[in-house]
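Same chain, two partners: chain A is paired with chain B first, then with chain C.
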Partner chain A sequence: MTDEPILSVRDLKKHYPIRKGIFNRQVGAAKAVDGIGFDIAPGETLGLVGESGCGKSTAASSVIRLEEPTAGEVVFNGNGRGGATRNPDGTHPNDVTRFSDAELKRFRRGAQMIFQDPASSFDPRMTVGGAVAEMLEVHGMSDRHRRRAIVEDLLERVGLSATDYDRYPHEFSGGQKQRIALARALVLNPDLIIADEPVSALDVSIQAEILSLIDDLQTEFDLSLLFISHDMSVIRRICDRVAVMYLGEIVEVGPTDEVFADPQHPYTEALLSSIPTPDPRSTVGGIELAGTVPSPTNPPSGCRFHTRCHRVIQPDGIDVDQSDWRGILNFRDRVAAGRVDVESIRENVAVDGGPASDGEVGAQLRTEFDIGERIGDPEIEDTLQDAIDRLLAGDDEEAAELLSDRFTTPCAETVPERTVHSEGHESSCLRHQREQAAAPNPADD
Partner chain B sequence: MSTPLLEVEDLTTTFSTDNGDLTAVDGVGFTVDEGETVCIVGESGSGKTVATESITRIVKEPPGRVEGTVRFKGSDLMSMSDEELRRIRGNGIAHIFQNPQEAMNHCYTVGWQIAEALQIHEDVPDEEARARAVDLLDRVGIANASARFDDYPHEFSGGQKQRVMIAMALVGDPDLLIADEPTTALDVTVQAQILKLLDELQDEFDMGVLFVTHDLGVVAQIADRIVVMYAGKVMERGGVLDIFEHPAHPYTQQLLNCVPEIGGNEGGIPGTLPNPRDPPDGCRFAPRCSYAEQACRTGEQPEELEVSPGQRVSCIHYRDGRDPSLLRENAPGVESGSNEVSSADD
Partner chain C sequence: MATQKPERFDQVDWAEISRSRWFDLSINSIGMLATALPLLIVALYDWQILDERTPTLEPVGPAWDVGTVDYLFIFTLLLFAFYIVLPLFQNPRRTKYYWREFKRNRPAVVSLGWLAVVFVGGIFGPFFISAPEQSILTGYQPPVFLSVEQSYVSTCVGDIVGGQCQGTWQHPLGTTAGGKDVFAGIVHGMTISMQIGFITTTIVATVGITFGTVSAYAGGWVDELMMRFVDIVLSFPTLLMFLLILYIYGAGLGMFILVFAAFAWGGTARYVRSKSLSISEEEFIKANRISGASTYRVVRRHVVPNAASSIITQLTLLIPGFLLAEAQLAFLGLGDSTIPSWGQLISAGRSDLSFAPWIVLAPGMVLFLTILAFNFLGDALLDALNPEAEAENA
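Let's turn to the complex of A and B:
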């Protein structure tokens, strides 16, 4: 074996067109996966983690071509395809996205998928043995007795018994069904398994069982795994390396231990800090992410995380408390979207009789956005107060303009490049890019 | 000693099915004090959801049949008429569920649904109901509440829907909030937001919270006391520190061992939950328990024994004259893992 990766994904994109009108004109696209890349070495487990809607499942189904990717390259070197060189025109002979139907069928022998819900991934009218054996039949094994022998053997290896062959899916528990799903994925002796949330529907005690089974089988069958999960503790247990996705992009990738111990991207940091620790004595000071994930139809410019990032960069000439800065930017965005309801705040503040003064409403606004009573920098303070005054006077547009003119962040303008922190540990954050540009010899640390 | 907010004794819920009776909850007992958070933990099928739904008898009867004693602020819910019970539901005890989508009506605006809930409990004019609904939405952290009043459920994200559900539960200013896996369907970052919100509201409204979950991380963060259920029975209950640091029942120990950060048990708990139509004799956990002996497999579930103040366990190894120390061998807790953390804290 050479040390070439078994799967190599480059700049993979999957955009879903949004159509409107009688001519079905395309008016936009939901960029579910927008230019991701990663490698999986033979025998390695790569975790893909992120919140719902970040595109991790779409990434998986695009890799295996259950859905046609919009752009990009997926080079699969497993099942005897290794050692190929690029064609003269720059395309790769092992590029899954260019496979013909016949090649695709062969590819699917080498790469299998397991899904989250074991209940809906089996035909209720087919025995489980039949469901597993069907794979062999489709791929040309015509000897019925041999098929049965192989499947019975496999059922035993995933912790069931050979007599389960003739039973139906409803007779099995969720964990057992997931074992059968594993048997079905393994029956064609693949090199790569893509597991999409395979244990998310199971109880913790069953989860542990299935995870250790996956671990054993991986060694036994010398498998590579792409393991997708939103559950960080599951990822931590099973993955060698982990890639963190946010809004269609990979923001950080690295060895699992390193990413968990020393997360470099602020999103990874926030994600890790929101996991409840199973220790009643620890009081978590979790980083709270404001708001919700933006729409992938119109993702934020620059770094996609900048609208929620707690470490969002202050431009040259501004140096205020970081939490004030985050608050000011949130305030700016909400004013610009016309979603600050001054009247209802005024009503809420006015408790006993008389109407609330502008000062009181202004103070309430600051509390709501976690902005301090006075900002240290007098010039910033003046601009902010000016904007609040205009907002209270009903000049929403002017206030919005003032805020967006004065308060900008480099994060919204520049798309961050990958910075390398150590062997294989990379993240895309402008802060690191700047630090490394400032440091003379970044590769040495 | 004052009476607890909620007292549950010998609660038994049976469903009659075509294949015979199924006892989902079997003689369960626990209490919730004012302002405290009690977590019920257990695997799916352990009866934790049915137990909480039996409290306000929102379990369908028939096929269900609820027996036992449930006292809320001293008055017996089991002997109440439907009319009296309806007043307790919402005003005294409110429920929130795992799946907010299913608990809302898609055809009405969320504000209307909150206002409706309000007007069922109180005779208030539409104007005031609207104002109070907006106020509640604002309190659960829905930005721009007055404008969102007229939005439909599908216009809210999963986390926001759960916030709306919480707002709806707060309508009657309840003394007890029963939350059934309210964050299980949410992402960790959103879960953190909702847990924080619940914590704030608990202080603000001075509510007791009965929280059902299978996530031991969440339990560690929010619980004052814990009730561990298995196959319809309570295996162990006690304070959060006692349960996490000195789990007494072998099931609790194994469950904690399944958590990667605590135990080294990579293999899970061997075996599966017993068939609820035909539960095993003796301790329900005996068939999967590595310490089980002949005495564990006969008779009834062992009586609850107090092993430390407030910590009760249903296991014969703690009876007088027996040596329970052998159960500590593989137990998680301070000895094995979290030494660093606890010493740094004290």
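Let's turn to the complex of A and C:
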């Protein structure tokens, strides 16, 4: 019972229906969160990291049921609910997604949330003390002196003074407001706090203060934390374990040290390389992810990261420079989408004098897509040049067809499964899956 | 209490607290109940037990027959006292802040002063100045310091100097053709105007805010249905409706207030809905929902107060419309001729404009100033109560 996780999320999905037409027919869904799962042990901090728009915040609000999840299970064992066993029909009595209103209200005392923007997370017409005390009032504490005493004590604990009770939110700085937000989240004495980018709106020195405050409070009151951030350095500072999210899925999860020292998923690598290092000679970094996060309405097939992955797998029979390969795939996708504007490139090249020759335009295209002047494999080179020529001749469709036929990657076809690298460190990348299939014993990894 | 070490948040026994739940009322609600209940009892007694012709307060003395409009008026005054004035005292810091902001707008301060005069005059004036009475003999008395040709006046109260009847302090603003004192008429008209202002505002605010927030929070087809109903209310020809009622039932002040208020809340409802929608997207609303608070509580404690600045402004700008409508109907002879409203006074003087302009001008000026004051006030309140401005000035 003691190793029971305080929060256990399984296959959580949140899809936003997209409706069109006068009959409001559902034509699709934005899959903001698409089947994520993780556990948080008592007293543990799990970091959830990923770039903007990958569904971190949606995951948080689905877990705490600020929004109704589409599917999945969120089992919350805190709040004196521990030790429950599954019902005969397979549902869990502690499943937050099935809580009744009364149970949900009780759950609010067990799990609270801190929001990103301290400026807008307080009612401008209510004193901050009133805002914190309201939590107590909502849960039935009708003695206003008692409420005030508790809140004043708590305000002091988060580094403010009791006299701040009667002040209004606009009288505080961002960092102070985030302290008050912490007080508000704490006042009901929850077991779990979900912090949705709690420090990303603050400047760095304040960030450090708030993070150490969170750390202290966590130790003192034995809190579990789900800490959401896009900032890897913040994650490293505070989290015990980290889950990396990309486009509604968790691609890698593991102990923070291990993930930072030995990232297994290319996306984690890219995120880690984005941390600025103080060492000017450092060669770490420089992985640039091309493009933006694909639309969650129509996520890429296979591995969702393959459209941007710098380690995208080359199919059997192709062996070229990895950056050329990435460039070729980008070129293929852009041509297929009809978004390569040959005319404007031609004009740009022509500025230096005289109309540009096809060769110059072709070279410019290669530079733009980061493809080398000549590719090692002559057959590939021929195909690519052929496609460029056709494109320049205005034959877009044929060029697209040629590229799509010749250049494919297994990443787009197979959905990668979880690979276990070591105790608690898992990732979903096709490369590992292949390696493991080749190696007989995964424990050797 | 002071010597006791404060209780820590993590020592609270929630199981015990959630068991011992009881309904707790704020001091405002207690005050409201304590005063509104007796009022209700008196009203019921007046309605059911007392003989229709006996003035309500005869058993205790004054011969004041309290009418339906008066009951409503007193009720709205209680609401005003307990939910608008009292909170200003409960929150002195905020009140001071509002006052500082409000003071910047000088015309608005003057307007507030004028409205205070109208308010106090309207409530206490009738107790000191008796209602204007018909007295044909003293008709067309000029206001003090002015004079009128003797031939127009049957009996001049003041002196007659060179064939001109001089005004006296007995009738500081002169009298009408029927000999009614214009000043007394204006003071009693203040009561009527305040009644119109307060009762309509209460009705419009209650219906509009309820309708608007319910619509915003219900969403979907309920929202659609409610808003289309608002469209109907807004496009309804109120004046024609009023005329129809007038011809069938006859229309007193109460009916006027009811009909005009019943068709005026549409704009407020629509406004409140859009405000609620934008406020409900704010992060602090999420933070409140996560506290476990019910939707009703979130709306009442957070959404409405944050929309309040614009709601109050909108309502202040609505009152002049009602006052003007009353005056217009009275001028056209469609109003309640038994009440001493400003409109009635103006309409009483319209045929004598050539030689006795004071009958029209005095109440006309008062009406004009009052309407102007409401408009200035509305503008200034929007600036003073705006929470965004509050944040910027911090």
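Everything that follows uses one rule, which is that the second predicted complex is superposed on the first by the 430 of 445 C-alpha atoms of A that agree within 3 Å, B and C clash if a C-alpha of one lies under 4 Å from a C-alpha of the other, contacts with A are read in each partner's own complex, and residues count from 1 in each chain.
Note that in this section a residue touches a chain if its C-beta (ideal position, glycine included) is under 8 Å from a C-beta of that chain, and two chains touch if they have at least 3 such contacts.
Predicted model, so just to flag it, every value in this text is computed and none were measured.
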item: Simultaneous placement of chain C and chain B on chain A, clash or fit; value: fit
item: First, second, both or neither for A:K105, with chain B first and chain C second; value: second
item: First, second, both or neither for A:D279, with chain B first and chain C second; value: first
item: Touched partner set for A:T91, first chain B, second chain C, both or neither; value: neither
item: Touching partner for A:S233 - first (chain B), second (chain C), both, neither; value: first
item: Which superposed partner A:S323 touches (first chain B, second chain C, both, neither); value: neither
item: Which of chain B and chain C A:T163 touches, first, second, both or neither; value: neither
item: Touched partner set for A:Q26, first chain B, second chain C, both or neither; value: neither
item: First (chain B), second (chain C), both or neither touched by A:S422; value: neither
item: Chain C versus chain B - closest C-alpha approach in the superposed model, Å; value: 9
item: Common interface residues of chain A - those touching chain B in one complex and chain C in the other; value: none
item: In the complex, chain A residues that touch chain C; value: 61, 64, 66, 104-106, 108-109, 112-113, 115-117, 119-126, 131, 134-136, 138-142, 145-146, 149-154, 166, 168, 170-171, 181, 184, 186-189, 221
item: Footprint of chain B on chain A - complex, ascending; value: 51-52, 173, 175, 203-212, 215, 230, 232-233, 236-237, 270-271, 274-282, 284, 286, 288-289, 292, 334, 339-341, 344, 348
item: For the chain C and chain A complex, residues of the former touching the latter; value: 1, 6-10, 12, 14, 17-18, 20-22, 24, 93-94, 282-284, 286-293, 297, 301-302, 305-306, 308, 387-388, 390-391, 394
item: Complex contacts: residues of chain B adjacent to chain A; value: 43-44, 134-135, 138, 143-147, 157-160, 187-193, 195-196, 214-221, 223, 240-241, 244, 254-256, 258-262, 265-270, 272, 338, 341-342, 345
